[in-house]
């Protein structure tokens, strides 16, 4: 049960249609998934969010597309976003994530959560060796 | 200020020494970072944690070592573990993370946190298209 | 599927009835929403929680009622409490939150989450200029 | 101890200087607080973050500036961002937050955290009365 | 809707069957709850998780079984794991948790969340009196 | 560096003094730890927080005092409250927590965090067997 109302006819709004068109062109697919239909309740929120997702996730960069999706998935698991866990598990599979790699992500995420809490519980002092060198 | 006391002479304990020896051999380095000194307050906790870190992070697998560190770092940022943010930023740099890749990880982590909370705030329904196919 | 059982006939318990009566009187409404029915499994928990909600949220103070609801909603989003996201989105609408203001809350919450994680990821030192002056 | 290196002479970089100039002009102040110095390690991250902070927080809108800061502060407290708790407590004071209002924010945030976890612990079903009406 | 596929005939896999047999023997029950069916998508993840759960939770130790379940439940509430809140509420009841003790756990968890956020919001300095003595 | 100012002479305020006197009497100790000095910036916040801590933690109940402290500590670790991790580790030691029990708490907390995230990542369906029976 959502907390905002999706538009009855979203593409009758030219700002919404422009974003949807760009999503379809960027992804080379007709599928617009639900988060965009709900973000469309506010055109500004829709435009800004898509612009950032496109720039960070859909633009060639120094990290490959699968690695980027795995990082996104890891964050979504820790933040416990049900929608995002589903959408980014699916996106990672679409970019080639194997069942074995999926298992590995789960092992890393759950191990990291474990040692994060152990470190916090013991308040372990940071080693000076970890200091970043001056630029 | 830690909440547990590191051992005065940790390697006089044979179980602790065995773990430290394995850390040094696995990493090909003499450096034992602080979390292991603090985990050593309980030999069982030290042995189990190292065994899992070694299996998940230090064993060749279907994800490359840098990708694994970036996922670990992303989780540590969201869980706000100061020690782990430092240790895994350093570990990622040691595995070749460039400044540009570091910036990318920060962009993905912060964008994911943003859309995670947007999805949760709107309680967006999961698209049936995301369903995993039966094995 | 809840983890505690609501009472079959809650108002037959005089302590529960007294709280329900006060909720109805304070809100000038006959509607008792579900959290009170579930908290009623323990009278003490019911009484204490209502007393605090009434004091903090339903008593005139130096913040207006809508602002208080927006803060409550923001916290509920970050803590990912599905029930609370729904109840406080509805409560904010009842206190006059417009669709545009709802969008603004989502923009602030998601931007804050973004910069919170960027600051933590970089471990930015606190500026001395932020220090509170002595009382 | 930060995990990224601030630039030695940030304003020698024209993209960094342009952002700093806009921060000073927007805030009518010469003070550039630390997060901008650290974000400057990547010009793109600096530009995008400032552009969003400016649009969401420094542009007149349907919520007053103090309310926006209080929401930002509430999120920062829940996410436990030390830097952000300090910077947004200071920003709220600069926008007129009184000591009494500060105490109120703390009461609302901590009460919300309390009822968020009570609702989650009991897995309270959402009342159908909370449903948003169709637009 | 899960994100991984449970095996069609899990016990035809000898590694999965060995874990299931050990779960049944350890718990003296035929019931295998869902998390094990889903973890079984990766034998290694299944084996390691069960081995740790067995060692920490099902082995006699210096904390009694009910106390251990209550701690597990408290963590699951704060992490907002719906499955775990249900499974560990049920496990605690099976180990004798009364309704009154359940209410107490909720009171402690929600009070702790409240004071955790108050302390973080005020950035209270740690008292030197809390320092652990050297071992 | 705190975000609120402790009072210069807190016990000159009769409401603050009354709370401090009750803390000393309840704990049979002259030591007032820092959180009370900072909460004292708002008398109402001080009184309400102490009243709840006293009722939940310092009143004989169906859980023994050490168990209550261990649950409080577990929550504080997950919420990453530095102050609270220290104060409740110390309080648990004062109530008899041994080093071995401390290690056990850390093992349970970190294992729970691990399985919480595994369950969320896989979106495991809740077993109907976990349903609470009707009261």
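Letters are used for the chains, namely A, B, C, D, E and F, taken in the order the chains are written, and counting of residues starts over at 1 for each.
Heads up, the rule we're going with is that contacts are C-beta pairs under 8 Å (C-beta built on N, C-alpha and C of every residue); 3 or more make two chains touch, one makes a residue touch a chain.
Nothing here was measured: the structure is a model prediction, and the numbers come from that model.
Novice: How many steps does it take, at the fewest, to get from chain C to chain E if each step moves to a chain that touches the one before?
Specialist: 1
Novice: Going by C-alpha centroids, which chain is farthest from chain A? Tell me that one.
Specialist: Of all the other chains, the one whose centre lies farthest from chain A is F.
Novice: Among all other chains, pick the one whose mean CA position is farthest from the mean CA position of chain B.
Specialist: C
Novice: Same or different, please, for the chain D to chain F contact, judged on whether over half of the interface numbers appear on both copies.
Specialist: Under half shared, hence different.
Novice: Compute the distance, rounded to whole Å, between the mean C-alpha positions of chain C and chain D.
Specialist: 20
Novice: How far is the middle of chain B from the middle of chain F, if each middle is the mean of its Cα atoms, in Å?
Specialist: 28
Novice: Please compute the C-alpha centroid of chain A, do the same for chain F, then give the distance between them in whole Å.
Specialist: 34
Novice: Multi-chain contacts in chain D: which residues touch at least two other chains?
Specialist: 1-4, 41, 45, 48, 52, 78-82, 85-86, 89, 99-100, 105-107, 109, 111, 113-118, 120-123, 126, 130, 132, 135
Novice: How would one label the connectivity among the chains shown: line, ring, star, complete, or other?
Specialist: Topology of touching chains reads as complete, every chain touching all others.
Novice: Using the touch definition up top, name the residues of chain E that touch chain B in the complex.
Specialist: Those residues of chain E that touch chain B are 1-8, 41, 48, 52, 55, 126, 130-135.
Novice: Which of the residues in chain A come into contact with chain B in the complex?
Specialist: Contacts found on chain A: 1-4, 31, 33-35, 38-39, 41, 45, 49, 52-53, 56-57, 61-63, 67-68, 70-72, 74-76, 78-79, 81-84, 86-87, 89-90, 93, 98-101, 104-105, 107-109, 111-127, 129-130, 132, 135.
Novice: Which positions of chain B touch chain F when the two form their complex?
Specialist: 1, 3-4, 41-42, 44-45, 48, 79-81
Novice: Per the contact definition, I'd like the list of chain F residues that touch chain B in the complex.
Specialist: It comes out as residues 80, 85-86, 89, 99-100, 102-103, 106-107.
Novice: With touch defined as at the start, can you tell me which chain A residues reach chain F in the complex?
Specialist: 77-78, 80, 82, 85-86, 105-106, 109-111, 113-118, 120-123
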